[in-house]
Structure formats: C-alpha cells, structure tokens
C-alpha cells in the first residue's frame, strides 16, 4: 500500500518535473532565438543609422547571419590563458548567464502566465539582477589580465551604484501597486493608457530604464568593456563558447530589462487602447512583445547615438543625481498617495 | 509617544543639527552640542518622572532610567568640555555628531526593557566610539587602537547576540520582564540557560572591560587621543553597567545561582589584574586603563549581590568612578596639551608649574585609591558592604587587600607630581593657557570628589531610590 | 525524511561553505564561499517561509556587500604563504576549542529541541513583516536608521580626504560658464604677420 502510494507520489512528482521542464524550455528557447535575432537587428539598425546596410551576405538580406555567428563561435577553440584560474575562468560565463535566465521565472507574459507566480516576485527580480555582477567580476579576476581586472572593477562599482537607484525606482512601483507580485503590478495598471505608471512615475521610469542600461553594461555605460581604453574589459581573454555565453547573457539581460520596464511602467500585456477600440483593446502577449521591441530599439538607438560616458561621470550620475531624484519622487508619491492623486493611487 | 522619550529625541535631533552645523559653521558645532545636551538634561529632569512601559518594553522609563540619564548627559558635557582644545583640529561636525549619537545610544540602552533596544542602543554607542577613536587620521596609534577596539568590540557584540538569541529561543520573548518570569519558571532547561547566560555575560564583560575580557582596554586607552580616551572611559562605562543591570539583573534575576559565581570570579580577577597590572606602567593613560579594570571589578562586587541595594551601591560606585575618571583625564588632557607628554615621569614638577592642576590630580588619585574622606572611599565602602551582605566575605577581604596594592601606584603619581624635579618635557614647554572654563570645571570636579566624599548621603539616597522597584518582587 | 531533504541539502551546503570560508587559502575563494553560504542561508529561510528575509539577504549581502568585499580582496595582495603558516599553527588549538564548544552547546541545548520557536505564517509574510516594522517595532526601526546614519557619517569622516591640487570637474560651474569667460576677440591689423606677439595696437573688442 505504502509502496503503491509512494510509487504514485514518484510518478506524480516526475510528471510535474517534466511539465516544469517543458515550461522552462518554452521560455528559454524563444529567448535564445530573440537573442540571436537581436544581434542581427542591432547590426542592421546601427548600420542604417550610420548609412550602411549592415549584414546582408548570409541568407536573404543577411537573415541567417546570427546562425553563422553562432556556429563560428561554437567551433572556435576555447582558450584558457596560461596563468588564469582555470576553474573560475570557465565558471564565470555560466555565472553571468544563469541569473539572466533565472529571472525570467517570475516574469508574467500574460495574465497568470509566469513560470512561478510568487508573491515576492519583485524582490526575486532584484535579487537575481544583483547577482549578474559575479560573472563579470570573476571573469575579470580569473583571467589574470590587467585589462580584464580593470573592467571587472569598473563593472562592480557601477553595478553597486546603479542597483540602489534601481531599487528605489521599484519602491515607487511597489507603493503605487501595493504589491510585490509582478502579475498584480500589471493588473493594477489596468483601465486604459492613462492608468499606466509611466505617467505618475515618469522620473522613476526614466531612472529605471537608464539604470537598466547601466546594469547591462550597454552603451553609453559600457566602460566595463571600454574597447578604446581597456581593450574589451572583462571578457578580453575569452574566445569561442565562453565569449558566446557572455554575449548571450548580455543580450538576455537586455531583453529582460525591456520586459521589466514594460511590466512595471507601461502596463505589460495590457493594450494602450483598452476600453477604446474593440479588438485592439484586448490584452495579450503581442502588446508586451511590442513594448519590449520598442525598449530594445532604444538600447540600440542609444548605442548608435551616445558617446561613452567617462567613468567619474557615471558615478556622479548614479550617486548624485539618480539616488536623490528617486528619493525625492518617492517622497512626493507618499504625499500623492495620502491625498489620492489622479486615477493612480 | 511617551513623554519620557523627549530627551532622547532631542539628542538625536541635535546629532543631525550639529552635523549640518559642522558643514556650514564648524565653530558653532561645539557650543551647539553643549546647549543641546544642557537642554536634554533639563528635559530629562522634567519628564523623567513619567514612568511606564511602552511598546512591549521596547522603551521603559523607571526610576533607574530617570537617575542614570541625567548622569550620562552631565558626564558627557564635562567630557566634551575637557576635550575641546584637543579636538579643535579635527572635523568638528563629525566629532560632535558621533559623540551625540553615542550619547543617544546610551540613552536608548538605559531605557531598554527589551533585548532588541538593549542591543541596538549598545551598538549605536559602540560604533560611534570606534569611529571617534579613529577620527584623528594622522595618528597611527589611534588607527591601530580603533582597529583593535572595533575587532574585539565586534566579537563581543557577536557573543552578546548569540546569548540573546539563545535566551529568546529558551523563553520565546525578548521582553526582559517576561524573560525574567520565564527563566524563573520551572519549564526553563537549566543547561541551556547556563550557556545563554555565559555568552551574554562574556559579551557584557567585554563591554565593561572586566578581566579576563580586558585585553582591548589598555591598548585602546593608550592609543586613542586623550580626548577620546576620556569619552570612552566615562559615560560608556556607566552604560555598560546599565547593560549588566538590565540584562542580568532584570532579565535573569531568577537565575542568581548561575551568574553570581561567575560575577565573583570576574570581580576578583578584574581587581587583581587591574591592581597588579598598573604597578609598572609608565604611561598615564595605560595606568588609568588598568585602574579602570580594577574599578570595574569593584563595580561587580555590588552587582553580584543581585539585590536592589547591591545595584544601588554599584550605580553609586560607577557614578563616582565616572566623576573621578573625568577629573583624572581632564588633567591628563591639559598636560597633554601643555607638554605633549603622557609619561608619568614627565608629570614631575607639575605642582610647581601648575598647583591647581596638581591639586585636582592629587585629590583624584587619592580618591581613586580609596583614601577617606574622599568619594572613592565611600563608593568602595558601599560595594564592599553590599558584597558582605551577599555573603561574599572572603571576596570583600580580598578586595580591601587589593585596593591597598592599587593605592601604591596612585600615590606614585602624586609623589612624582609633588616631589620630583621637573623633567625636560614640562620644563621647556611653552606657556599654554588653560581656558578658564576648563579650569573652573576641573575645580568643580575636584570639589565634587571632596564634598560628595564627605557628604555622600544625598547621592547615595538617590541611587538607592533609583533602584526601588527595579527587580520583580519575588 | 523526504520532505525535509531540501532543508538538509541547504544546511549541508551552508556548513560546507562556511568551512570553505575559514579553510580557503585563497581569499577570493573564501569570499566566494561566503557568497555561497549566504545563498544557502537564504534558501533555508525560503524553506522556512520567510521569503522577504531570504530575498533581502541575497539583495543586500550577495548583491552589494560581497561585491564590494570581492572588490577589495581582489585589489589587495594577500600573502598566501604567511596566512597559511599561521593558519596551520593555530589549527589544532582552534579545532579543539571549536569541538569543545560545539559538544558543550549541543549537550546544553538538547533539551531545547522541541517546543521552542515559532512557525512562520503560511504563504507570504512580507506584508505582515512590514506592518510590524512600521507599527510595533517602529522604535527599534528608527534606531536602526540612526545606526545607519552613524555608519555613513563615520565612513565618510574616516575616508574622505580633500587632496590639494586635484583637478576635478564641477558640472555646476561648467554649466554656468558664459561666452565672456572663454572667448576674447582681438582686432588685429590686417598686415601683421601671424605667429608674432600681439601688437600693442591690438584692441580688445568688447563682446
């Protein structure tokens, strides 16, 4: 009897694990494909902005270019520098990638459609994004190269500085929605375009997005790579698959930040025409995808437009501008919440 | 919000105000600090009588707190006054902000009826002290002292917290009164209580500077700039005794059998280490450090009785010690400014050079040695009486013998000041005029040692009054 | 046993990582073991239902404190051999003390195993925690704020050194710069050869 019960328990457990695995794959596979094509779009967008064509050789208009890149990177030899710390050197790319993918566990794609719809989802997001820095630091240290170490140091200081402003920006969202659950944060923004948090929390949204750009080490905050001063920063010694993993992590993080901005500030899967236009007003994944596409475009746009920040300017912006700004706005929001401001609070 | 909290809030606000003043008007930081502290004394005296328990014992105002808080504030005021010439080169806003926050921590600790506030107050005080020791950054000795202080202070906080967590685990409450009841009840497992109290006592002994947990004390006293040594050696000692009284006296009052022997050992070792250790010290601050260790042993003599009268004697001893050590360090500070020396041998000829200083120092040294009719004698008498009352007659006899040993090195300082020929340091030192207010307060301080020694009745009575109702009726 | 498996697993990781912190010869490894220890502790809290504490532990310690720690450890050059020697010298004594303490504590606390301790409420407790902190425990919370203020003041007072002669940027002054501060127009006689001293006849033209 007990044997049968425990057997049933086992099969149920296995079944649940299998379903979970499929779900995880259903999230990770599309992300990987999007990453691949994001690189393609990046080169195309920046190309057109600079009056070039961009990749156009492999496949129709270069559409197969990402796959060519992937094959190239995977077939290359993985080089480990002579006096590098081998174990950490090979682990670091995974440490960079794992948090980038793990955060997706709580991201809702539409109502209730998250791998784990947990109550403290937002805290989980903060915890995971704060761990991405380890891959970079360890890569920089284990490479035993001064450029890599410099890049890692820059990255560490930068991440710590911007994480605080990022957290404060999210405090504003938490206060507005009364929830730490990502699903409920989106639901709290229902009721039309003017209910989105981007309006009352505009400075926080801007700060959050800029911090997101800084946290992903993208231009104009890419001093951790800084190819003009420190060659390629933390991943200067990486080749082949290791480099590909860092690449994957960086782009997965970009997509993640876009998704989070969409969820926190512009209504996630909600339609901007909610309650106005019959069919267009319906919520759905496509709205989230569109919003993410816009923010991803912004990432590329910034890279094509802005020169790289100087390091002390980055620190100044983080500590002396963003943190006071977010604190000020949180204070203001407290007052608004107390008096009941607009349709939001 | 309880009215009795006003003094604490005033001090906390003062810390913020002084921080800002330090940025814009550094020269006003010191007077503002004194004005705020004086105001806090007045507020404490006015509101201190409104006793009660708030928020489950997080804030407690009783006669004990009402007595201790003005003492802490007044002692801190004197300390800031004596230290002013020395700290005038340091960042003013920061120094006085840290000092005020330390005072706020002591006030919190004094009014704590709950493990949480007990610990937070203690940490607020300790962290401020570590930073104050290191504040003069060009002074390598001070940095080293700060490092030692910080390391061992952190260790002791860890032990204290471990003891707290065990106590919470055993009793399920952090309120000291409820804890006393739970620990006294039949359900408390004896061996676990022993472990918990051992850790708590060890942590407290560290903070109090009682041997064998005294290793940090001589180094910190010697390494710190004299102004900070004075601060560390006065009010925080009173606060540490408050910690002992609240935690062991109130929280574990039912477990006298566990901690009384431990306190006896601590007291004896401390008096012995302090008395013998000071004999061959050449540095006046180091000597006073060992003297502090010995005096903490005497303080424990009163506390180990575990009765209200015993704690009253302890508090009286500690208050007297604060007065005496403030006076002693006040003179040390002036000499430090005058002759740039801390060697005892360099005090030779102080009586000729500055009879006023030498007289105050002599009075203080006699008092620390326990010579009648000075304050130190009355204090010793009270704690020994308490110890005898608790049945620790042999310990009391040993205490008297050890205080005779200790008298030797106190008298040596007097001998050097009055009988030895001046050395180079004091002889060729430039004429540094001692500010009139410091002279005046030093004189008052010395007068207190004399007058309170001759007429201790009032203060003693207050101390005994303050402890009325401190323990649960058994 | 089976439901408690995650607990034992996380505990084993915690203990192993803690041993690693103490035992590692390389300070960077020690710091990384400490990170692992924090993560394991967070998992333990998560298993106990304290998800806010678990996440806060990860955000604060793993995400910020340990990053700075690693930052420092990577910058200083720690002599591994010297560290190792003193480690080996004190190892027997340390192990002896540790074992003795552990045995005593276990012996003393054995009777405590059942009964004591409070279970966490089912499900989310972030809200309950917040409510408690801002109502019943507001006073200690404010004291914690004072301690943090103190930490800020102390850290800055101990580390900030205004060095003379550094050229740092002041964006406020940069923004306030006006044309007159940077640009001067001189009227030069047209026949004067270039590269020579400005002639006395050159006149400042008011802009």
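Going by the order they are written in, the chains are A, B and C; count residues from 1 in each one.
To be clear about the criterion, a residue touches a chain if its C-beta (ideal position, glycine included) is under 8 Å from a C-beta of that chain, and two chains touch if they have at least 3 such contacts.
Remember, it's a predicted structure, so these values are computed and weren't measured experimentally.
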Graph class of chain-chain contacts, one of line, ring, star, complete, other: line
Geometric centre: closest chain by C-alpha means: C
Distance from the mean Cα position of subunit B to that of subunit A, given in whole angstrom: 54
Distance between the centres, which are taken as Cα means, of subunit C and subunit B, whole angstrom: 33
Centroid spacing, where centroids are CA-atom means, of subunit A and subunit C in whole angstrom: 23
Subunit C residues touching subunit A - in the complex, by the definition given at the top: 28, 32, 35, 51-52, 55-56, 58-59, 62-64, 67-68, 70-71, 74-75, 123-124, 126, 168-169, 171
Contact set on subunit B toward subunit C in their complex: 12, 15-16, 19, 54-56, 58-59, 91, 94, 97-98, 101, 104, 108, 114, 116-117, 120-121, 123-124, 127-128, 130-131, 134-135, 137, 166, 169-170, 172, 189, 191-192, 194-195
Sites on subunit A touched by subunit C in the complex: 88, 118-120, 123-124, 126-127, 130-131, 133-134, 137-138, 141, 149, 152-153, 156-157, 159-160, 163, 167, 180, 312-313, 316
Subunit C residues touching subunit B - in the complex, by the definition given at the top: 104-105, 107-109, 111-112, 116-118, 136-140, 143-144, 146-147, 149-151, 153-154, 156-158, 161
